[in-house]
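What follows is a pair of complexes built around chain A, which joins chain B in one and chain C in the other.
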Partner chain A sequence: MSALGDFLSLALSSMIPILVTAIGGMFAERARATNIALDGTMLISALGAIIVGAATGNPWLGLLAGVISGIAYAAILAFAAFVLRCDLLIAGIAANLLATGVTLLVVQNVLKSTGTYAPANVPLIPRVSLGFIGKIPVIGPALSDQSALFYVVVVVTILGALVLNRTRFGVHVKAVGESEEAAEAAGLKPILTRTVTLLISGAAAGIGGTYLSLSSVASFNSDLTGGLGFIAFAAVIFGRATPLGTILASVLFGIATAASIQLQGSGVIDPQLLHSLPYVATVLALAVQSIRRHRLNRFDVTDTSFLPAIIPRG
Partner chain B sequence: MRYKKIAVTTALLVSSLIVLSACSSSAPSGTSTSASPLSISAPLSGQLGDKSFMDSANDGLTRAAKELGVKVKVVQAGADDAPAWERNLTEASSSGNYGLIVTGGTVVASTLKKVAKQFPNQKYLIFDSPSVGKNVTGISYAQNEGAFLVGALSALITDNPATFPRATGSKKIGVAGGMDIPVIRDFIVGFEQGAKAVDPNVTVDVRFINDFASAQKGYDVATAQFKDGADVVYQVAGAAGLGVLQAAEDSGRYAIGTDSDQNGIHPDSTPASAIKSVGNTVYNGIKSFQAGTLKFGTTIPGDIANSGVGIAFNDKLVPKDIQDKVDALRKQVVDGTIKVKSAL
Partner chain C sequence: MTEPQDSETATAARSFPGLVATARRVVPLGLFQSMVAIVLGIVICFVIMLFATADPLVAFQAFTLGTFRNAYSIGSMIAIASILAVTAFASTVAFRAGAFNIGTEGQLVLGGLTAAIIAEKLPGPGGLVQVIALLGAMAAGALWIAIPTVLRVRYRTNEILTTLMANYIAADLALFLVNQYFRDKGSGAVETPPLDESRWLLQILPPSAANIGVVVALVLAGVLWLWFDRTRAGKRAEVSGLQPAFAEYLGIHSVSYLRNSMLISGALAGLGGGLAILGISHAYIDGFSPQYGFLGITVALIGRLRPVGVLVSALLYASLITGATAMQAVSDVPYSLVFVLQGILILLITSQRIGGRRTA
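Right after this comes the complex of A and B.
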């Protein structure tokens, strides 16, 4: 039974950076301000977090710095899109590319470190051991000794779901996303709402980025994310930018990642095949969802249902 | 309006490209004052800072710059960015400014083969790969032999929990490889053979991180191996391997470093590192090029016998009698009693 607990523990920790980033991306997506730069934002935040964490010796200040750098990077994206009137997707692609370059530049020329920045004796975000709960079979090993960020992410996720579905702001976000003209006619400011959602997605990606550089190992290099931001973006699309859907998609990707690590130990399945699991899961999930939508939409003529913002509304 | 949009987009893209290219052609790491010093360009197939393979190569280059009075320019590139390797190699070759171009990593061999053919008069030195052309000298390392030694040590650790308090005696050890590529497989084959040479009942849990960069992923993979009972995990994963070393520290078990001496990063949980003397061999290669004795079209082998590969013990953790047992095996490899298998 402990094998199952270990598996769940791995699935949950693999899910942390995906889930929190996806929850933020969900807001932007819902307001039709697709943030494709989640990956780059995570990278920038990871660097901001480790620099401040190493300089102050306080991992929580590192987290704060990660969140602030995420917001700042998203603000640049919003500026390019809404003030300079650049296409948001193109600006997002540029932001992803720019993140790799900027981080490498900072690591080499400011931190005077070669490719990988791994300062010694940096305090990490603590892990929470749960005492007696840790003794319960399956649940105990799954939850115990998770990074404190796991609980931060759970709180952020619940808050995100409540804000989107239970507050006035959430309604504004959905309204702006469904029909900009209608929202404007009703007195909303679509640009403002979209900017705020982009900043939210930046802040959330900041938590995800901090997890990568400051939770288990204090190290940073510009390949750190390994595409996790894009997996998070896929979780948003697959989850149709609803809280429940996004959570389930992130859980699925977490499980797929854990399976790719855990099943290697059994030696039954080829490791190359296992490593493709999270990506195969992404493709399959998107395909299944798209087929289902297609069937549902065949007789549906309304124009208010969610459609990924990448696809222009006809 | 539309034009403005396009212009801004282009400006953004261009500026990001400029930033990117500014990074890829970085930092000369040594200069010299002599009249017309030999200039060396070293476009690498990865980034420095792994405290392992690439850093060891950089040490050799820096030492050559300092002691041999050559000019060295190191150019880094992403570890999975094959187009950048080709671009950097071609750029260095076509400039004609460099007497010798140094690169390395098995992954870059096919790229160099292509580029070296286009510039028949340019001389190349590639470490961790056999020669790939008439104008190329290769330096190869018998990484399987180095891995053989640490495999033997790992088996001794899991067999002697009394001597190694962090071991459980599970008779289970592991390897966390970066990617499933031939050179990593070569490490693994040697590691398994070394472990079985000590105790045939030891099982080896082989897993791949599928990443040479993310320490977090290395941490997750190694933690899973420790939870499944491994007493020792040998990391062969570049910068991602830093996560493996950290996981051993946190899980209360042991990890073994690779390529450079990594024993000092976590001195309580790293009993040894397998060494590839990349730095020394690169330095010697440059030295013999300067002396005009470097033979092109050939490969310089580095193995246990000539100390091209070896093992660095952490004396605080590994007592003398265990070191002697590993050394006895080393001698058997040197005199040919044991032939270490290879995956290449």
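Right after this comes the complex of A and C.
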């Protein structure tokens, strides 16, 4: 049964960056401030985390730097969208392209390394061994020796779900997303709320990015994310921007990623094809969701079709 | 504030569920804004150089004027510009119909691979094989966007996400196909065997890479101009992109214009890949495209989705790319400045605050 435990462990560790980033993206999506720049934000914060981690020798300061750079990058996006008044989607794509350029520039020019920046002796985020729990079959090997960030992510996820569904701020976010005019009439400031949700998504993507560069091997190159941020965004969409849906979608994509890694070792199917499994799963998930929605909405004649379709009705 | 431009309008969703395209997301803005954006973008690059190198003026001069130091780099610029123009046309066609094809990179890679394989395996006279290879590249590009297109047109799946994911899948697929079936056994790199010289596109400024691909780009510009401005189909496609519900009331089947535009967009991106393979790299080499697809989006936006504008901005951007290569040689500012500039330019160009007319 240890094989299953190992697989679960792999699935959990693949899920961590997707889940935390998606939980942040969920806030932005609910306020109808679609953050498609999650991938670029992860990249920027991965670089920020590894630089500070290497300079200070403290991985937790690295995490702090990752979160701060994620927030800063999201602030740039918010600036572009609300001050320069760019279309948010296009600004997000521009921000992703910009992130590749900026990280390449920093790695090559400031850090003087050609492609991959791998500083020596960087302390990694510690792994937590769970003692006796590790002895339990299946669950034990799955849970023990996960990065400490796993627990951070669990806390962030629970907090995110509570904030969205159980606090005043969460109601404001949903109100702004569902009807900007009504929210404004009720005295909310839609732009402010949207900016805050964008910053939240930046901070969350910062944790995801830090996980990528400081959890297993301390190295950075500009392909580090490999589209993980987009997969996280797809998890938001597939999960209809609800906490539970987003978590389930992240688990699904985490399992797909783990399956792809696991099968690559087995040599049954070509590793290169398997590498694309998470992306194929994402496209399939989006397709399934929109087909289902299409079926549901076939006879829908209410005005609520005005809402962006991913905001759950009722 | 933000118009509900990226969600369906109430009327559209109510009257024709699933049958109406959504409105265009990109408003092409004025010439003034393009100018402002380019100048600002280059100024920002200069500021970056101030921090990045001890001698920013040398770097800046190489970046902006480095292309024109000899005939060879002018030739490279023309070669790159023709590919950028073609990929920018691909983005333009999709933008105009209200779709955001961000998967041009993947279509280009698979188009290039198809062209390389056809050109290598197919016997026959060089010119004919080249034409077949380019047609094959177009078919591959169109095929690669077919699934996102069907999903978008029938089920309104967000085409931005699906085409983007298709990029990653295309990269994996191309690597798999080359490694498994078409790899040059004698080479350490992931590449197909070098093409015979009869398969190369005719070079117009030897020894540089400039080739008759530039004629293809010019002809395409002419054809697209005719299509956009001088045919009924072009106007209908534009109306479908701008106001799908209105188009339906005019009796225009907006969805079929959307579908055709997306397929044509994919085909053009594939063609760009074919031109890059037959014209520049002369073999499928992993990473042959320095993000031609994504750069094409920028070029299309700078060119304000107009054929002539795209040609001009492709030349401009290509000169900056070749200039960046020169800059990397003479100073320690890396080539990746081009990608920074690209992101900044998109932000500045789509901004409705800078010099643009306000859209109510």
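Keep in mind that, in the parts below, the second predicted complex is superposed on the first by the 287 of 314 C-alpha atoms of A that agree within 3 Å, B and C clash if a C-alpha of one lies under 4 Å from a C-alpha of the other, contacts with A are read in each partner's own complex, and residues count from 1 in each chain.
We adopt the following convention: contacts are C-beta pairs under 8 Å (C-beta built on N, C-alpha and C of every residue); 3 or more make two chains touch, one makes a residue touch a chain.
Everything quoted here is computed from the prediction, not taken from an experiment.
Participant: Taking chain A as the common reference for superposition, should the pair chain B and chain C be classed as clashing or as fitting?
Facilitator: On the superposed model, which is not a single observed complex, chain B and chain C clash.
Participant: Applying the document's definition of touch, where does A:Arg298 land relative to chain B and chain C: first, second, both, or neither?
Facilitator: In the superposed model, A:Arg298 contacts chain C only, not chain B.
Participant: In the superposed arrangement, does A:Ser13 touch chain B (first), chain C (second), both or neither?
Facilitator: first
Participant: Considering only touches as defined above, state whether A:Ala185 meets chain B (first), chain C (second), both or neither.
Facilitator: Neither partner.
Participant: Tell me which partner A:Val283 touches in the superposition: chain B (first), chain C (second), both or neither.
Facilitator: Only chain C; A:Val283 stays clear of chain B.
Participant: Where does A:Val268 make contact in the superposed view: on chain B (first), on chain C (second), on both, or on neither?
Facilitator: neither
Participant: Where does A:Gly101 make contact in the superposed view: on chain B (first), on chain C (second), on both, or on neither?
Facilitator: It touches chain B and chain C both.
Participant: Would you check which partner chain A:Leu88 touches, where first means chain B only, second means chain C only, and both and neither mean what they say?
Facilitator: Once the two structures are laid over each other on A, A:Leu88 reaches chain C alone.
Participant: With both complexes overlaid on chain A, does A:Ser219 touch chain B (first), chain C (second), both or neither?
Facilitator: Touch partner of A:Ser219: chain B, not chain C.
Participant: Would you check which partner chain A:Ile237 touches, where first means chain B only, second means chain C only, and both and neither mean what they say?
Facilitator: second
Participant: For chain A, give the residues common to its interface with chain B and its interface with chain C.
Facilitator: The overlap between the chain B and chain C interfaces on chain A comprises residues 80, 84-87, 90-91, 94, 97-98, 100-102, 104-105, 108-109, 226, 272, 275.
Participant: Which residues, counting only chain B, touch chain A once they are in their complex?
Facilitator: 1, 4-5, 8-9, 12-13, 15-17, 19-20, 22-23, 26-27, 46-51, 54-55, 58, 76, 78-80, 180, 205-208, 210-221, 223-225, 227-228, 239, 242-243, 246-247, 250, 265
Participant: In the complex formed with chain C, which residues of chain A make contact?
Facilitator: On the chain A side, the touching residues are 34, 36, 80, 83-91, 93-102, 104-105, 108-110, 180, 190-191, 226-227, 230, 233-234, 237, 270, 272-273, 275-276, 279-280, 282-283, 286-287, 289-291, 293-294, 297-298, 300-301, 303, 305-309.
Participant: If we count contacts the way the header does, which residues on chain A are in touch with chain B in the complex?
Facilitator: Residues 3, 6, 10, 13-14, 80, 84-87, 90-91, 94, 97-98, 100-102, 104-105, 107-109, 113-118, 120, 211-213, 215-217, 219, 221-226, 260-262, 264-265, 267, 271-272, 275 of chain A touch chain B in their complex.
Participant: Within their complex, state which residues of chain C touch chain A.
Facilitator: Touching chain A from chain C are residues 1-2, 4-10, 13-14, 17-18, 25-26, 48, 52-53, 100, 102, 147-148, 151, 154-158, 160-162, 164-166, 168-169, 172-173, 175-176, 179-180, 294, 297, 332-334, 336-344, 346-348, 350-354.
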